[in-house]
């Protein structure tokens, strides 16, 4: 049996990896040049505790379970998570009841250890918070991760367990016999398939429509962010939210896994035809600045590293749309994965493999012998003990050549990232953190270009930043 | 008085001068005699030093940086660049090596401004 | 491993410092993270270097090569470690380094920190729009073009009229990349007038003053850049937008002293954002000296070399038992934007570097009992004066003022 997953974001990647536990052929089809480059690439990177989601919603069903699964998953797949905890802060008396409502909602959703903290407790834990704070909802299970690393790690592990990965293949049509899909038509080929799982992120509604299956209409909700230097990494220790509004969880302040500080996002609803609009605006960036100053009054904006925007898929129902199609019997949706999609993803992957495919669709999946659940990440030499690092350099001197000085990434790590599938500058960046630091590649980009050129046995003019036409250099100065 | 900025060095002297009947009759502001010759050139035939690079064969680097050892007429720069694109140097190249003699009959040489070792040379 | 002096960085400042210390008969280790010594000079293939120091005009690589020869001459005293990155500097005067040979500790008596500066990256400018390829800092473009033999694009706009920005405008033009203009936020050019003439005017490249980039467009490679005029507070003026269809944007929008490794060990100066130093090159931590662009951004490499030598000399005296106080603070006063050094120790005359706050036709510089008049000052050109020790006697602080005449 061949099961194809469309979309290699966090959701698709984890589903594909989950399916690799069984004796089936698993295909993962992605239109971008790498995994985790859609919605997954630019969001708040939070593992939500699960108190935000209305009781009885699909979100509530999967969020706190997914949150809990990340502990084991991050160990198996060797990616970083930090259980920083999160605060929702109330700054005036009218906001305080909202915290209590969230507490009750969270408890009903099965979120553990929620509590309301008073001003003194909050300021003792987070001294940089605006002292006008009144109360805060504390959720110790909330945390942060690197969403793209979750996708990369899941796919690397799945590849070791037999996954077939097809990058740079946009799905343009389906071949059907009656109501059943028999082929997925991409720009490059036709994949014969028995089951299709739609995890196409922002474009999942279009994929479902193409397949003739049910869908909810998706529109992009833009979130603009400001990333600040590691020097500000200690401004907050936990994820800090304002009191939420009807529309969103608000603009927040949080640490990043690699020690920086992230501010954002805005919540701007765009029409459905702007699913590729990743532009930042001065209004958006200004809105982020203004809002976060209410939470943390002093932020040195001269230490901005970059501003960027991400898009999250929003539907009128404001809820995930997951399950088998009633019209197309071999088609499964995992769409409208708005927040907390990242958090819920592991639970959804398990649900689709076990309940949807096996129980609801009656597929008999037998577990594969020899499934290897673990994957090792790329070794960060600068984080090893000195003895271990020395041994590594003895074996491979390039483990002693520092390429990215800001984040201390060696040539050996970059070569390893390429060996594992990085083909672009962003591919290296998101796997190794090289070029992610304060100089933004000022010192290392040209070196990394040369390493890519050497390892891929190609010419630098063939190497791109992130997409087929995002070329970096245009031939030689002297031929 | 007319004004001109000498570009021969980063001092950038602001030279004030007067021309009568095609002759410079008064000059002030130049901190060295080169300022005067710059002014004369600038009025007659502006000249510039051109720094660029030349392809290296068998070198540790693909390029060797070069410059004209004296200024060449500005109007010749496009022609000069066309020519320099055709030139190749064989490694090893040492700083000061003449890469091209009497370029475009100006009497000016193109010289290497860095050392490029031969690849794998002991 | 043990040494008398550890020099971090083998650019212009570090090479000069190492040689100066070696001349005092000390044992020196110089750690350079690049493959070769010379730092950024290697990629600055244009001329304009060395006029003060060598009394002749050199290109960057030639300038570097002269110091490389000196390093070789003192090979008995100076150990040059290339491809060598300093991971940490510790309070107990040890450093942790990594190179192709591995991770090792070095014990030293003094450190001369000469790590230079980094370029202000595109991301920090918070420019609205897309995030396409084709946006380079000037230094990256320079390295790609001049060392790696790579053309950075076909049609380019330059942001920032500092010297590097203008020099890159000429460099790209000479190599057949069409440069459609140079955009400058200030109402006057950021670099030397000489470069306005020989880099821009010679090639008819327009200079757009009081202008800024308000948007970049291009979902993959850069396609378009929108530029607008700015008011006196540098805010874009609506309705003044101009569109440039370019595939390349080269940014020359400032250098930032690299101080991160020393953050917890020494005091920084608020204005320069570099390591706060005395005129001896000594930092607030007596065994750490600093020189070059990691202290303040200098106009000319010749100045950086001099400061490197000075730090080398005083660090050597420190190793040999001399002790200096940091001294009295030097502060910018009327019409002065920036001064360096940050303290005057009272030993030796003071070589003072300063920048005026605004263009001035005539001004009188007043420092303690010292006065000197200047003409045609602009913030883009650093003023350097040597002030005799006796003119600075009995002061609690040195205020540097420029009185408009």
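In order of appearance the chains are A, B and C, and numbering begins at 1 in each one.
To be clear about the criterion, contacts are C-beta pairs under 8 Å (C-beta built on N, C-alpha and C of every residue); 3 or more make two chains touch, one makes a residue touch a chain.
As the structure is a prediction and not an experimental result, all values here were calculated from the model.
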Query: Chain with the smallest distance from its CA centroid to the overall CA centroid?
result: C
Message: Comparing the two chain pairs, does A-C have more C-beta contacts than A-B, or is it the other way round?
response: A-C
Message: Need the most distant chain from chain A, centre defined as the mean of C-alpha atoms.
response: B
Task: Provide the C-alpha centroid distance between chain B and chain C, rounded to the nearest whole angstrom.
output: 25
Message: Centroid of chain A to centroid of chain B, CA atoms only: how many Å?
response: 54
Query: How far is the middle of chain A from the middle of chain C, if each middle is the mean of its Cα atoms, in Å?
result: 39
Statement: In chain B, the residues touching two or more other chains are 53, 55, 62-63
Query: So which stretches of chain A touch two or more other chains?
result: 476-478
Query: Which positions in chain C touch two or more other chains at once?
result: 147-149, 175
Task: Write out the stretch or stretches of chain C touching chain A in their complex.
output: 33, 83, 85, 87, 96, 98-103, 118-119, 121-124, 126, 128-134, 137, 139-140, 143-145, 147-154, 175, 214, 217, 219-221, 260, 263
Message: Considering only the defined contacts, which chain A positions touch chain C in the complex?
response: 226-227, 231, 276, 278-282, 284-285, 304-308, 382, 386, 389-390, 393-394, 397-398, 400-402, 405, 408, 425, 438-443, 445-446, 449-450, 460-461, 464-478
Query: Mind pulling up the chain A residues that touch chain B in the complex?
result: 476-479
- prompt: What residues on chain C touch chain B, complex-wise?
  reply: 42, 45-48, 51, 57-59, 61-62, 64-65, 146-149, 174-175, 192-195, 197-198, 202, 299-300, 376, 381
- prompt: Where on chain B is chain C touching in the complex?
  reply: 5-12, 14, 46, 48-53, 55, 61-63, 65, 67, 74, 77, 81, 95, 113-115
